Each structure stands twice: as C-alpha cells, then as structure tokens.
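Okay, so chain A shows up in both of these, paired with chain B first and chain C after.
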Partner chain A sequence: MMKITKYLSLSILKSRFMVSYGFILFILCSGLFFLSNDMDKAIIGIHNVLLILVPLVVMIYSVSQIYQSNDFIRLLLTQPIKRKVIFYSQYISNTLVLLLVQTIPIALSLILFSDGTYLFPIILNLVFLTFIFSSISSLIAYKINEKVRGIGITIFLGIYFLAIYDGLILLIIQLMSDYPIEKYGILLSLFNPIDLCRILFIFKMDISALMGLTGAIMEKFIGSGLGSLIIYATLFLWAVIPLVFAAKLFNKKDY
Partner chain B sequence: MNKKLSLFFFLICYSLFSLKANQIRVFPKNGINPIHAALLIAKDYDTLLVQTGTYAEGNILLEKPITLIGINYPCIDGKFKGEVFTVSANYVTIIGFRIINSGYSDLNDFAAIQLMNSDFGKFINNKLEGNYFGIFLHNSHYNRIEKNTIIGPARVQNKVGNGIHLWNSSHNLILNNHIKKHRDGLYFEFSRQVLIANNTSEENLRYGLHFMFSDSDVYYMNSFINNGAGVAVMYSHHVTMAKNKFIHNWGSSAYGLLLKDIRDSKVLNNEFTKNTVAIYMDGCSRSELIKNNFNNNGYALRMQSNCDDNLIRLNNFRANTFDYATNGFMVLNSFNYNYWDKYTGYDLEKDGIGDQGYRPMNLLTKIIEEYPTTIVLLQSFLSDLLNLLEKVLPSLTPENLIDNNPMMNPIS
Partner chain C sequence: MIQIKDLHKNYGKHQVLKNINVELERGMVAGLIGQNGTGKTTLIKSILGLTQFQKGDILVEGVSVKAGPEYRNNIGYMAQMGRYPENMNIAQLFDMMKKIRTIDKRDEELYEKFQLQKIAHQNLGQLSGGTIQKVSAALAFLFNPDILILDEPTAGLDPIASEILKEKIIKESTKKLILITSHILNDLDEIASHALFLQEGSLLFFEHIKSLKEKSGHQKLGKTIAEIMLERELKK
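Up next, the complex of A and B:
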C-alpha cells in the first residue's frame, strides 16, 4: 500500500498544475493582506477564498485524476494486490497531495503576514474540506463511468454546495419565518460541509456578536461541548460516508 | 491727622488678618475622629489639611463652605457602611483624597462623595475605589469635578452604582476623569449645559456614558472603551458630541453610540472602532453626523426608519461588515459626500467625487432585517452573489437610500 501511494503521489506532484495551483494560492492569500488595510478582513477574505476555491478544485481535480489513472489501475488489478489497497492508496495519494499543495501556501502567507492566531482554525477547515470533497469526488468517479458526465455532475455538486443549498436555506427560513426557527439555522447547515466550516470559523472570529438572537443561540450550541462534538462528528461523517460507499462501488466495479 | 490715618490702616489690616481663613492640620492620631473634631472647630471657608494616613470615621457631613486638602492621599475608609462624604453646603472643595469602600444598600444610593443642593464646589484629584457610587450630585450646580480616578467594586451589576452620577444638576464641569468598572461610567439625568471633556470611561458593566433628559450638554474628547453596552443617550436635544472615541464596545447587545429620541444634535469628528453597532439611531431628528470615522465595526450605522431630517456628511466608512442598515423602506435622511470603502464607481471629471451614487445598504442586510435567522448566511458565497445582483439591478433596497456624491478618497 505504501509503495503504490508513494508512486501515485509522486506522479501527481510532478504535474505542472499542482505547482501552479499552490503558487496562485500563495499569491492570492498574500495579496489579500496587502489589499486590505485590516488584518481581520484579510483573514476573512482568505477563508472565503478557501471556501469557494478548495471544494471546486479538489472535486474537479480528483475526479479527473481518477478517470485518468483508469489504465494504471487496470494494470494494477492484474497483479496480486487487494482491491481495497488499490482504492485507499488512490484516495490517500490524491488527498494528501492536494492537502500539501493547499496547506503550505495558505499557512505560509498566514505566518508571514498575520500574527497566526487564526492559523489553526483555517488549516483545520482546509483539512476537513479537502478530505470531504475528495471522498465525495471518488464516489462520483466510481459511480459514473463516462468522464464527461462525471465532471459535469461534479461541477454541479460544487455549485450546489456553494450557492444552491444556501438559497434553499434562505427559502426555508423565509417560508418558516412565522415560527421560532432560530435554533434550526444551524441544523440546516449540518447538511452542507461548506456552511458548517464557515459557521465554525465565524464563531472563531467573534463576528457572532453581530448575529443577534440567532448568533446567541448558535454560540451557545457551538460553545457547548456537545454542540462542537456534533459539528466535528458531522464533518467527520461527511468525509467517511461517501468514502465507504465509494470503496464498496470500487470493490464491485467491473473493469 | 497722620496718626489717625495710620490707625485706620492698622485697623483695616487687622480686620483683614482676622478675616483670613484658618488652616487646620488634621493627623490620623488626633483623637478618635480627627476630621470630625476639626470640622467642629473650623469656621466657614477654613482649610483642613488632612495628613496622610487612614481615617475611618463613618459618614463625614460637610455643612459649611470648607476646603479639604489631602496631603499625600490620606485614605478615608467607609468600611462598607453608609456614605463617606455628604456635602450639603456651597463652596466645598475636596482635593487629593483616597476614598474607599462606601456602603451598599438597596434603598439608598451611598456614594463616596454625595452632593445635596450644593453649588460652586471643586472635587479634584481624588482616588475613589470600591465605592457603591463614585460622585453623586443631587440638584447641585456649577461644580467642577476634575482629574479623579474612580474605580468600581468587583461585584455583580445590580450591586454596583455609577461612577459620576448627576441628577438635576446643571452647569457642571466634568473634566479629565478616569472611570472604570462601575455600572454606568457617567450618568446624567435632567442635567443641562454640562461640559464633559477629556474623560475616559472603560470596562464599565453597563454603559460608558448614559444620559437622559439632559439638553445642551457638550461631550468633547472623551474615550469610551470596552463597556458592557457602550454608550446610550436618550430623550435630549441640542447635544454636541465631538472628537470622542468609541472603541471596542463589542457584544450581542452593545452599541458604540445609541441615540434614542435625540434631536437638533451634532455628532462631529468622532471615532468609532470595533463596535458591534457604531451608531444606532432610533427616533432621531434634525441631527448632524459629520466627519466621523467608522472603522472595523459590525454595523457602522443602524438607523431605524423613524429617524428624519438627519444629515450624514463627510464621514469615512472603512472595513465595516455592514455600512448601513434600516428596518423599512422610508428614508427621510440625507447622505452626501461620504467616503465608503466598498464604493466601486469611477470619477471621470477627477473632482474627487464618484460619478455614480452609492447605495450603502446591501441586499443581505435587507434580508437579515426582515428574516433575522438568515444571518447564518453571513459571508457565504450566496450572499456575495445577491449583493452583486442588487448592485447591478437595485430593486429590493430602499429607492432613495443613496449617497449621490460619494467621495473617491478618505476625508482627512
């Protein structure tokens, strides 16, 4: 397993895309510090870039990567190697390389240009998002055989998590506004990992004071041990459940 | 003739000398109650020089015009019983004392220095620590309260009084005081034409400054920092607030400056930094907000639509999460020549004024005003999208809520 992971990771790392992606991230994040005169705003900006860019890039890249390595996997399957080993080494190599390429520039710009207070929450969100969207994309890639359809669905899912789901939240809140629904705002966001990461970060940034009653209720929830446990457990499940299904699909897949 | 004249001069001089106020020195070891004893023998306008040491004499009642000067901050300990100084005469001066531990009661407002119907006093350079109320003025006018340090006791909010409390006391000067950890730092009720300058009010449990029914007051160069609920001013007119600093009044029910039913007032050259809501206006009329700096606030201006005829001119809005919020469609206030950092227009004539108007309220703010729970969408991609849409095709935010002449560069 180690061997396969190593070779896969190295072949991905060699690609020009990865290097340039990391470089662009670094320039973008450091640029935000120079553009805005306030450090907090720059950090919020970086987090927004992360929330928008990471899911899309991770999903599209890993889906196309899985489709591309189809021939290589077929070759591996002729060897006496367990399918599980092949699947997990593929997943881990993809995720780890993406994580490396994203963490280093963002962490570097945060350490260089800020006091580093928000380094840990941002990197934590980055890790969660990378793992979650990597497993979602492997589920898509093994479920759908045609490359074009697979990538199309990936892009749609990305936009769904980014915007459409929030639109649905808006609609639900508007429809239910006659009821005391402050508590359920956070419940709704449990079904979208991007929202969950965003809210976690908002409460780290102490913007929650702006949020009035909803903010107070949410702060109580997130501040409590059970609340944060539920949130982190949900994020964990978002990474694990698609992965388990993807592994099942891969096991039964007819190459 | 010459003899008569010299006698006359002698008599005048003698009478002048006998008129000269006495100085009485008070030492902590002079009997049981040295200050009380000295007060008994003192005549009007005498001076008590109280030497350094600790005095615990219970309530000290000042019923005649008298000057008390502390040498090296003598400590007057209230021992948590009743009032420390009660002043009920005019022309009383208290300088250089350390007054601690006044009593606490639910029925009486015990203070370190309580003024009852006494005018023309001076209260300078005192250190007040751990008192229920600091300096309390009842119906007392033309007093000068200067350079005092007033630090409240460490108790819960309903057991802590106000730092400087004026009730029905006009024409007073409150200068250069430092107030900390009281309920309200400065509190004025029915107190007109008071000048409040250069004070610092910080870490108070409720408001840094709180006034009601206090017209024609001037607030100049004060700092209100990190107070539980910021500053609240209500039901007054012709108030001037200039060059004050409102910093870090942060919390779900904190305001930098809450203006409720204020009219004909001026808010000039103030600095609002890192407040949840920098200025919250409710029912305010004919007031002017000019040349203020709003930096890093949650909401810079939150103006209920029952405000009318207010002028918002030449202000700088920088790095606020929301620049402006209102609760209705009616906007009767005028915005002009402000600098908004979120303005993205252009300036073809190069006169420093943007050619397109700026709409300070974005769509997300509008939605949040109507459905507060939607604030879970704060800083989401969707909210950016909605704001962009509203900027291109304004339809949902109030029609005449627009700054027609936004400045291209910050106003200095």
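Up next, the complex of A and C:
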C-alpha cells in the first residue's frame, strides 16, 4: 500500500494546482495579519477563510481527481493487488497531499505573524475538515458514475454545509424562540461538521460571552469533558462513516 | 489455462453476456471478434476481475477469479487507450509497477524496441495516444506472464510500432495464451490461431482459423467471417 500511495502522492503534489493553491493560502493568511491591527481579529478571519475555502476546495479537487484517475485505477486493478489496498492508497494520497499543501502555508503564516497560541486549534480543525470532506468526496465520486453530475452534487453539498444548513437552523430557532431550544441547537449542529469546527474554535477564543444565552449553554456543554468528547467523536464519525460506505461501493464497482 | 463456465453478466435489465462456455489453452492466440457493443470488452474485464458477473465462474489455471487477486500475477493486460496520471513520468510508472509485482524474470524487449528509455523522463500527460499505447504494450509484456490479454493492441500505433508488436506476439505465442480483441481483421489474420466470435452477448463459435478458412474456401479472415455472418442471416 505504501508504494502505491507514495507514487500517487508524488504525481499529485507536482501538479500546478497544488503549488498555486498553497501559495494563495499563504498570501491570504499573511495578508489578513497586515489588514487588521488586532491579532485576534486576524486569526478569526483566517479561521473563517478556512471554514469556507477548505471544504469547497477539498471536495471539488478530490472528486475531480477520482474521476480523472479512473483509467489508472483500472490499470492498477488488473495487477495482483487487493481492491481495498487500491482504494485506501488513493484516499490517503489525495488527503495527505491536500493536508500538506494547506497545513504548511497556514502554519507558516501563523508562526511568522502571530505568537502561535492558536496554531494548534486551527491546524486541528484543518485536519478534521480535510479528512471529513475527502471522505465525503470519495463517497460521491464512487456512487455517481457521471463526472458532471458528480461535481454538480459536490458543489451543491458544499454550499449546503456552508450556508443552507445554518440558514435552516436560524429559521428554526427564530420560529421556536418562545421555547427553550438552546440545547437542541447543539444537537442540530452535530449534523454539520463545519459548524462543529466553528464551535470548537469559538470556545478556544473565549468570545462566547458575546453570544448570549446560547453561548452560555454551549460554553457549559463544551466546558464539560463529555461535551467536547462528543464533538470530537462526532467529527471522527463524519470522516469514517462516508469512507466505509465509499470503500464498499468501490469493492463492488464495475470498471 | 482459462476456463469460462456458464458466464452471465447484465447491467440492470440489459444482458451483456449470455451463457458463455469456453476453454482456452496455452499456445493459442485467440482473436475475440464481434460488432461494437457485443460484450468483448466486458468478457475481458470479467476475466481480469474488473467487473463482477452474476452467474457462472471463470477459472484461471484452476483458480476462480473470485478467490483473490493473486491469479493476476500471471496475467499481462494492455488496455484500450488509457489515461495515466499527468505528472507521473514513464520511468516512475515502470518503477511503481516493478515494485508492485516483484518478479525477477522481466521481459524488457518491447521497452527497448519502442525506445521508451529515450522519453523515460517525459510526463505521461504530455504523451500522444500512440506513445501511450506503446507504454501500455511494454507494461503488459514486462513481467513475462503466461497469459496476455490485449484490448485493441494495434489501434493508434504507427505501422512500425504495430509491426514490432505483432512480431512480439507471434514470438511469444507458442509459450503463452494470448487473447486479443481487434476490429482490424487483417491484423488478426496474421497473428491469431483461433477465432472467438461474439454476437449480442452469446458465443457464436470458437474455432481454429485454418479450419474456418477451409470450410469457406477463402484465403482472408475478413471474407471468411463475412461469409459466415451472411450464411447465418440467410438461415434465419
């Protein structure tokens, strides 16, 4: 498995897209430090950029990469290698390269322009988001055979997680504002990995006091060991469950 | 070497292969003939384990293809016009394959005759269709397998490369089992010993090409096949 992963990763890493994506991320993150004098504001800005950019780029890139390597995967399948090995080699090489290309520029700009306090929580969220959305992309790409439809669904799903889902939650909270529903807000956010990452980060930044009662209840939830354990476990499941289903599809797929 | 028993395959309601029974032995060069969409590629893919089939079984040297990937150690496959990773070069591709299949007795004749070492550091994304075919052919023969499966091997090759490949196939044919699909019947005429004719997913006949020609009285495979087709149409 290591051999195939190594060669696949190298060939992806050499693409012009990866190099320019890493470069743009670095410029973007460093630029935010120069735009605002307040370091905390800049870091929140960087985190917001990540929450929008990472899911979309990871999903669109992984899905089109899987479609593009179809012929090559077929060649590998005619070799004496188990299907599982080929599946995980492809997943790991895609994910690791994306992770590398995103982590290095962001970590570099955080180390260069800030005191590095928030380096760990930001990188942790980056790792979660990359693994989760790479898994979801595998599921889409192996489920849907047509490239155009697959990419269409990917873009829709990205926008759904980024905007539509939050809009729906806001609407529910607005409509039910006479009832004590703050607790259920947390429950609903478990179904959106981007929200989970955002919550984790907000409470690391100690700005939850600005969020009123919801903030207070969430603070209590995450402050307790069980609460943060539940969030980390949910994020982990978001990465594993789509991957398991994708592996099953790949195993039975006709090439 | 390859036994196909009662093979059925359908995509949804569409039946692609119906009740195929064939036994292929060492020393044969079997040409797989048939119109477009009659299931030639599906049959090949079933042998390679690329597609799953609903009924029947395929045994390669006595072992079912469903038993695991090890039987593919003995098979070399040349695909129809594939796309490779754009930023991988030929040398890296061959390195990777050599690491996957750790077989010491390698056959690099085609690699040398196609002069691939001269362009070994070009990225696969920059190569022309014909050059990619040369790479595929060299890869199929590289590990000296007992069974060779070639899907449209001469399509896209220039006349010189095509001759090199055909010579190689004839040279290897006595020691191996070679299964070829091709639309170019003239090419098959030169290299194939047996003809496997597929029509609408069923095996119409599997015969020695010499005896086919004797029966019809024609010298060329193309005319022979055309006449057989015509006879069958008339019988209907």
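Everything that follows uses one rule, which is that the second predicted complex is superposed on the first by the 255 of 255 C-alpha atoms of A that agree within 3 Å, B and C clash if a C-alpha of one lies under 4 Å from a C-alpha of the other, contacts with A are read in each partner's own complex, and residues count from 1 in each chain.
The rule is short, and it goes like this: a contact is a pair of C-beta atoms (placed from the backbone, for glycine too) under 8 Å apart; a residue touches a chain by one contact, two chains touch by 3 or more.
Here the structure is a predicted model, which is why all the values come from computation and not from measurement.
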item: Partner chain(s) touched by A:L56 [first = chain B, second = chain C, both, neither]; value: neither
item: Partner chain in contact with A:L190 - chain B first, chain C second, else both or neither; value: neither
item: First, second, both or neither for A:M218, with chain B first and chain C second; value: first
item: Touched partner set for A:I202, first chain B, second chain C, both or neither; value: first
item: Chain touching more of chain A, residue-wise (chain B, chain C); value: B
item: Touched partner set for A:A163, first chain B, second chain C, both or neither; value: first
item: Touching partner for A:I173 - first (chain B), second (chain C), both, neither; value: first
item: First (chain B), second (chain C), both or neither touched by A:L100; value: neither
item: Chain A positions touched by chain B in one structure and by chain C in the second; value: none
item: Complex interface listing, chain C residues touching chain A; value: 11, 45, 48-52, 68-73, 75, 77, 79, 82-88, 92, 95-97, 99-101, 139
item: Residues of chain B touching chain A in the complex; value: 250-252, 254, 276, 295-296, 298-299, 318-319, 321-322, 367, 370-385
item: Chain C partner contacts - residues on chain A that touch it in the complex; value: 3-4, 7-8, 10-12, 14-15, 68-72, 74-83, 252, 254-255
item: Partner chain B, residues of chain A touching it in the complex; value: 36-38, 40-41, 44, 48, 51-52, 162-163, 166-167, 169-170, 173-174, 177, 181-182, 184-186, 188-189, 195, 198-199, 202, 206-216, 218
